[in-house]
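Below, subunit A partners subunit B and then partners subunit C, in two separate complexes.
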Partner chain A sequence: MCYKTIIAGALAAAAYTLPAHAQVSDDVLKIGVLTDMAGVAADITGKGSVVAAEMAVEEFSSTVLGKPIQIISADHQHKADIGASIARKWLDVENVDAIADIPNSAVALAIQNLAREKKRIALFSGAGSTALTNDQCSPYGFHWTYDTYSVSHGTASAVVKAGGASWFMLASDYAFGHQLAKDAGDVVKASGGDVLGEVLHPLGTADFSSFLLQAQSSGAKVIGIANAGADTVNAIKQAGEFGIVEQGQSLAALILFLQDVHSLGLAVAKGTYLTTASYWDIDDQSRVWSEKFKSRTGMMPSMVHAGVYGSVLHYLKAVEKAGTDDAGKVAAAIRELPINDAFTHDAHVREDGRVLRDMYLARVKEPSASKGEWDYFEIVSKIPAADTVWPLDKSTCPLVKK
Partner chain B sequence: MTIAVEATNDPLSVNHASGTMPVTHRVVFLLLILLSLIAPFFVYPVFLMKVMCFALFACSLNLLLGFGGLMSFGHAAYFGGAAYVAAHVAKVWETTPEVAILLGTLSSTVLGLAIGSLAIRRQGIYFAMVTLAFAQMVFFGALQFPFTGGEDGIQNVPRGDLFGLFSLRSDFSLYFVVLVISFGGFLAIYRIIHSPFGLVLKAIRENEVRAVSLGYQVNHYKLIVFVLSATLAGLAGATKTIVFQLASLTDVHWSMSGEAVLMTLIGGMGTVFGPVVGAAVIVTMQDYLASLGAWVTVIQGCIFVISVLLFREGIVGLIAKVLRRPL
Partner chain C sequence: MFELIGIPPQALFGQLLLGVINGAFYAMLSLGLAIIFGLLNIINFAHGAQYMLGALVSWMLLDYLGGSYWWALLLAPVTVGVSGVILERVLISRLYHLDHLYGLLLTFGLALIIQGLARNYYGISGLPYAIPPELSGGQNLGFMFLPNYRGWVVIASLVVCLATWFVIEKTRFGAYLRAATENPTLVGAFGINVPRMITLTYGFGVALAAFAGVLAAPIYSVNPNMGADIIIVVFAVVVIGGMGSILGSIVTGFGLGIVEGLARVFYPEGSAMMIFVIMAIVLLVKPTGLFGRTA
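Moving on, here comes the complex of A and B:
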């Protein structure tokens, strides 16, 4: 290791003597996509995230500052130690300049700390933990697409405004579910609505019938589903079997992705409210990009895919502006430049590393209203950026000056 | 080195009439030491540390399964439990790493004593299920307790300074600490299985009724080996926490118990060196094939099937058969 440091030091010294040239360490800009290829998040991240990152690189014709850009990828298998050891190797041995995507909050937080220590850029798209921009925030870490706050607040406030004033919370019984239900409940109350009750279900349960019956008999207009992944899919599926939507109650899933709706089918998921950072069918730009994405992957992009694309593209723009791949200068450029891509218009990065963007409240279409495959969401309203992020005055991030 | 020599001279490491460590074992030990001294110059040290932690974890299970004949399906509880305790101690109590590892390991000893004293009352599949059930309770605890951080785990655990003197921030210096710990654990296991206690264990494994008829307090022996195994699994988990600076739900998940069983079986159950080889194979696949995505688990499954169908005694077991020497 020692001699490597010396060589690296010598190279760095040599590089500084040539200030006229653009500076990219080891003559290649490497971006690692650390994702879930086979687990619960494989559909919304996985291969699609790698393709999304490649499409961003192609917009730069695969070169920046005259040096080639390389995308590498790995599957963290939802294990924090595997994720951390891959990332360590990427940063220490393979000189990866930035790591993107990273679903699973335990892995994401491990990478956040690693990237801070090693001074490299981390671009979170698949992870949802608000800790990434609060007490664990980093000058080099950027939280791109969504967090649990944005999806719960966005959905709750918008649904109350749309007339769903009385809520019943169905939450998974661990810290994540409690937090989600509490966040959403607070917003419901602040928006003038009321939470009639709450029931906690065990993580990974197969049988939601007793919980759904309680929700049904509560008489609440909206059932808030505060869980994630397979639990959300199972809860919505079984709510469909009970005919809950037909009988006049609505479902609001606090975390639901396009691919989840695809696997549920419209007949089951119809009428569910959700918040999404992007949707393929918003304007011409997003449609063109998404069709290209679909021709390569066979599916329309989830908001995470769009986020990986956007974050990698913005990173490359920042490298170009900074004229170097030095993480400190690139991070400054990331914060400085406005974010524009096929899905994002004039967004920007806040001091804690969170991307501020407008999001959308969507409602899953009736099967009869859908014009074809992947035509699943009806956009109900736009949620202004300020309503989708943790308020700075409550932030515990040391980077936020108070 | 010195420890190895000590073990060699140990009159109790009797396996053969000669009263010393068999030549093959001596050769393999020497090779292992040599390899582990050279390896960090060529292979990424963090990866090697991970292999060593999992090798110790698999060896601890092998002690119970291969030599005690007790199939535990809940070893993640001790591995992960110690990981969480060590992470909490190092991060919140701000102790030096050796204190964190020690307290983590001790917590597994206590946990092993509690679970073991109940589980050993049953045999076979019921024993496995009881250990699994308790491990699931530990998982539930890790999910719910406020100090474990739920699905985020405990992150950013400081590596700290060994004895308050030597900084472990560099992977290289940490490597040798982990090497000493895992080698120490390994030698302890070697010593246990070649002691009179280990011989009684093997007797119980082969024929429990007969061991009882010979006057041995079978449950006594079973409990001791259970606690020893839990302690060593805890040592592996606590060390892993310091290496990766995190403890997460993965460490206490039942699939972690499964992984230990897989490593033991592929390497060779009931062999001395088998679990080390098994751990190296599995961890290498997980890390180096990570870019293949979903194929990692498929390849793992295939290797397991092949191993069960073609060489049930595991890689090291097969080599031992060819060499006609116990390894």
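Moving on, here comes the complex of A and C:
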């Protein structure tokens, strides 16, 4: 009897301790990059996001806790139902442990709910909705790169401080544009400036001249451009044509990516202010990583690409620290570990799931100041992390203790 | 200072002028569609993609060969027009004996393929194309700052539209074309090579789209979807003007450009749907369109 008890005890102890060495379900750690392969965000996310995730995995020599790491990817086509059914299949059938990138706020919110329900990790880099860390926050969801608050607040407050006190908002007529214009307008007013007027344009407008003329005749010093993608490109291109910058007004793009500037060309985009979470030409580390990324994709990374890389790398570190792929333990480790990668230094995750990192206020260079392709941004100043995130005391996230 | 319908006259004139410029693109694109529909009875859904190709070829000429805007203005319509000729010979000509719907589906499929290929090779964000130095800068007209390039767009498109109208309505070749539209068999019996005329007409319609694309490249974002965005509006313009009516498409193109321009001042949120509201009303009141012949 005594003998049997010892055996049973030993077995129980073995059962308890053995899996702790490598508790990875189904013997492979799978990360799904759910992204936009062909739509409006395909250049700032898309294939580049998949490459970025793979580069993070390579830093781990493709194994964690002795098990292989696998990256899979899919195109959600900007449709919440398609995105959700891909994710459901990933989580239910293919045992995907974490989903990364997820541009488009509608898709991102669908995934946030699904991942919460299924208890898996979601790492948002391409999405910009502040709802992800407010009403819709999740213990398993992490908002990595930017949101409408961070990009508009950084730019607006910096531009007002630089003397651009009167604004005219050119906003696209849907939730995203309204939010950007409102966030930026609030900051302008809080910083002592004034918003003289606003015009809402339909999504997907080709000709902005009429709206630009209204902005011009408002007499505002700064025209805030609260839209995205081709709309932003068209608005800035035509502002250049109408000589708006030459005549003393300046442009502030509330969200502008490196690839947008590449598309515009410096002659047109010069002088535009923007906020970015990362830039390839910050230091040696970011330059080395970005050159490697460029050799595989033909372009320098957007801040979303850098975010996907950072979020996947941090996730792997968290899995290693937790010693398991169990989402609850990994989420705790994600919150605990400091975030360090080629673009990020000593950032951390806040209780609502938002990553707190310094961002940069940048200005698009004059063509004569650019040393070559992709040399587009002049970093004007660093924006402290606290100024780039929704204040916790206004948070509506149930995870935030008040 | 007096005001006209709530805004100062300066601002109103400015907006009217911008409407004309915007209308120039609608006019050129709907003209090509009207010609193609008039003669081939094909609803050319690839028109937007061919407009995009015009802009893309200009970019390629500049980027790969260093060719200027002026070369592009000549070479891009020719290149894209020739691709249209090949398309007509190889694919579209097989559908003439079938219902309209098949032509629409074929050209729609072609548009998706062309856009998909462009996206695959050149990305979605667009390509930079600068205004030619000869046309940069602008004139202060007192009521607005008119970029020289916009002035050029209006002149170029008016010349092209009127020349096309003149050729079709006033010349012997145009008479053949119009006759072939009415009764191809009879015109063929007079010894005129109708299939070749049809092929060239399609090529010309496509070249018009590409010409509009070159004109658009310096001011609009050059990206694979630029045609998909504008083509729906242009179809509405063609329907309002009357399917197949040459003069109708030109007049309606400019007219609707002006209406849309004014909507952008008085009700900017609704400016994108203004044209479709007008289309619905026209279809209710005069289903053949403003300039259409009664069937």
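Here is the rule we use: the second predicted complex is superposed on the first by the 382 of 402 C-alpha atoms of A that agree within 3 Å, B and C clash if a C-alpha of one lies under 4 Å from a C-alpha of the other, contacts with A are read in each partner's own complex, and residues count from 1 in each chain.
The rule we apply is simple: a contact is a pair of C-beta atoms (placed from the backbone, for glycine too) under 8 Å apart; a residue touches a chain by one contact, two chains touch by 3 or more.
Keep in mind it's a predicted model, so treat the numbers as computed, not measured.
In the three-chain model built by superposing on subunit A, subunit B fits alongside subunit C with no clash.
Within the superposed three-chain model, A:Ala333 lies out of touch with both subunit B and subunit C [touch as defined at top]. When both complexes are overlaid on chain A, the residue A:Asp81 reaches subunit B alone and has no touch with subunit C. Looking at the shared chain after the overlay, A:Ala56 reaches neither subunit B nor subunit C.
By the touch criterion stated above, A:Leu91 is placed in contact with neither subunit B nor subunit C. When both complexes are overlaid on chain A, the residue A:Ala38 reaches subunit B and subunit C alike.
In the superposition on chain A, A:Ala110 makes contact with subunit B only, while subunit C stays out of contact range. With both structures placed on the common chain, the touch criterion links A:Phe211 to subunit C but leaves subunit B unconnected. Looking at the shared chain after the overlay, A:Lys237 reaches subunit C, while subunit B stays out of its contact range.
Minimum Cα separation between subunit B and subunit C in the superposed model: 5 Å. Common to the subunit B and subunit C interfaces on subunit A are residues 38, 42, 173.
On the side of subunit B, the complex with subunit A involves touching residues 40, 44-47, 50, 143-144, 149-153, 155-156, 170-172, 240, 244-246, 248-251, 286-287, 290-294, 296-297. The touching residues of subunit C, when paired with subunit A in their complex, are 11, 14-15, 18-19, 21-22, 116, 119, 123-131, 137-138, 144-145, 147, 149-150, 218-223, 225-226, 229-230, 261, 264-265, 268-273.
By the touch criterion given at the top, residues 38-44, 173, 199-202, 204-207, 209-211, 213-214, 216-217, 229-230, 233-234, 237-238, 241-243, 247, 257, 259-260, 262-265, 267-268 of subunit A touch subunit C in their complex. Residues of subunit A touching subunit B in their complex: 1-2, 37-38, 42, 46-47, 72-82, 84-86, 88-89, 92-93, 105-106, 109-110, 112-113, 129, 131, 136, 173-176, 203.
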